[in-house]
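Before anything else, here is the set of structures, which you'll find just below.
Shared between the two complexes below is subunit A, which pairs with subunit B and subunit C, respectively.
And then the complex of A and B:
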């Protein structure tokens, strides 16, 4: 393979948009949780367990975590693109990050639904 | 006035070093370029570029006290002493304050910085309405001095792939031009994780532009146009 600078992958817009949308989801979730906690007269294990006992909160939490993982993927990829120059090492790190994030998704489901 | 100036002559020096200069000068109305020209009378080996000496040609861009700017329109009275002068960061140094701008202009040329219009040329000019013409304000004034692009960390990390703020400002200048017929191809050319999306809105470009232009805003408008055509 000749050693030439190549660009023109024709993607990037979707990730840029997704990063913004997921940031909004995370901001809303964080605000909801903080407000909920501030409204509690007493705070202990029961409140915390109660908050996550219903399916709506579990689903909302899952949406938050999926947003976080997708957001983290784009962020990690950007860091690797900036600092890791050899394409083979970059690809390896990309694959490892994706695998780790997919594992986190499975783990999140297990935690939230107590599987 | 006291100066500390980056010196490097690859033919003689093994490594760059900072040289101290002392100039007997009341700062007054004088600009940094005036001081540099007087210093060159003291030491005629001091290398820097200059041409119009009034902020129009963009030749004397350099890093002044840690901030990129044009020496010819930087007032000496505004500078803390010793005034530390270095070449523009992120580009190879040819000698002293003179940098090799090849990479910068390569990126500039990659966005096709000219009007593409396949209609036969009219008898007079290709006319625009005053409203359409207004869109080009804040874009056409760029003098390609390189202050913004060389202050951008994304350009430091990927100078061969990221177009940089100056190139992207000019890209939008032609996307915004109603006389241009190449909009789709121009957007295609930029839809790339490196060429456009290395911009992380750090805004060093806006901070240093000696013409007070706003490349970040232009980059945002390019993204907006991409979203508009995608959804």
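And then the complex of A and C:
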């Protein structure tokens, strides 16, 4: 019988995986946008706004931004855990980062669906 | 007497000056280490730039007027420089991130592949940054 004593909050593996899955989503999205831009003979407001006019692209963009925000949360949390020791400051920064990212989610919906 | 000398020697050995913290200016990081710390620094920079980037996205899509205003605003040299710095952060984070994904897939398993890939990360991200800068000016 294996009797391992496991400690910690058990989010390590999940976050490790989330960091990579979100990275792949962002890489694919970035490649799509860059290829689209390179294929345009002329670039202006119409091409740019046209790219985001359809619902599939808006949804893909929202998926990209959600991936970005989740990815940023894990990264910022790791940085804060590495360099900021006092629990009160660490917690404050964590809360501020989360609040900012939640606000960015709301803002992103407003931008993409023109609210 | 002899006893005290021994004690003194012991004390000196114990109090031998040891670094109490990482002396960052004395540590010479290998290139993969530099790529790694820049990956972290560029990530933090991109996080700080997020509200500005969302603002740029918002203004660029809202209407032709806001789009034109934004284009005029971004023509300012200081903002161009900020844009170039953000672009470097993105490109470095992107290239170094791809390298880590390749490492996770065991595509770069020996030390020479790890070293040469870190050279590629620096070369590709910096040359793309320069190309972006040339187009910007």
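Quick note on the criterion: the second predicted complex is superposed on the first by the 108 of 115 C-alpha atoms of A that agree within 3 Å, B and C clash if a C-alpha of one lies under 4 Å from a C-alpha of the other, contacts with A are read in each partner's own complex, and residues count from 1 in each chain.
We adopt the following convention: a residue touches a chain if its C-beta (ideal position, glycine included) is under 8 Å from a C-beta of that chain, and two chains touch if they have at least 3 such contacts.
Not measured: the values here are computed from a predicted model.
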With both complexes superposed on chain A, which partner does A:81 reach: first (subunit B), second (subunit C), both or neither? first
Which of the two partners, first being subunit B and second being subunit C, lies in contact with A:12: first, second, both, or neither? first
For A:23, select first, second, both or neither according to whether it touches subunit B, subunit C, the two together, or no partner. second
May I ask you to decide whether A:93 touches subunit B, subunit C, both, or neither, giving the answer as first, second, both or neither? neither
May I ask you to name which of subunit B and subunit C touches more residues of subunit A? C
In the overlaid three-chain picture, which partner chain does A:66 touch, first (subunit B) or second (subunit C), both, or neither? neither
Please give the residue numbers of subunit A that touch subunit C in the complex, ascending. 20, 23-24, 27, 30, 45, 48-49, 52, 72, 75-76, 79, 97, 100, 104, 107-108, 110-111, 114
Under the touch definition given earlier, write down the residues of subunit A that touch subunit B in their complex. 5, 7-17, 78, 81-83
Considering the complex alone, what residue numbers of subunit C touch subunit A? 40, 43-44, 46-47, 50-51, 54, 57-58, 60-62, 64, 67-68, 94, 97-98, 101, 104
What part of subunit B is in contact with subunit A in the complex they form? 154, 157-158, 160-161, 188-189, 191-198, 200, 223, 226-227, 230
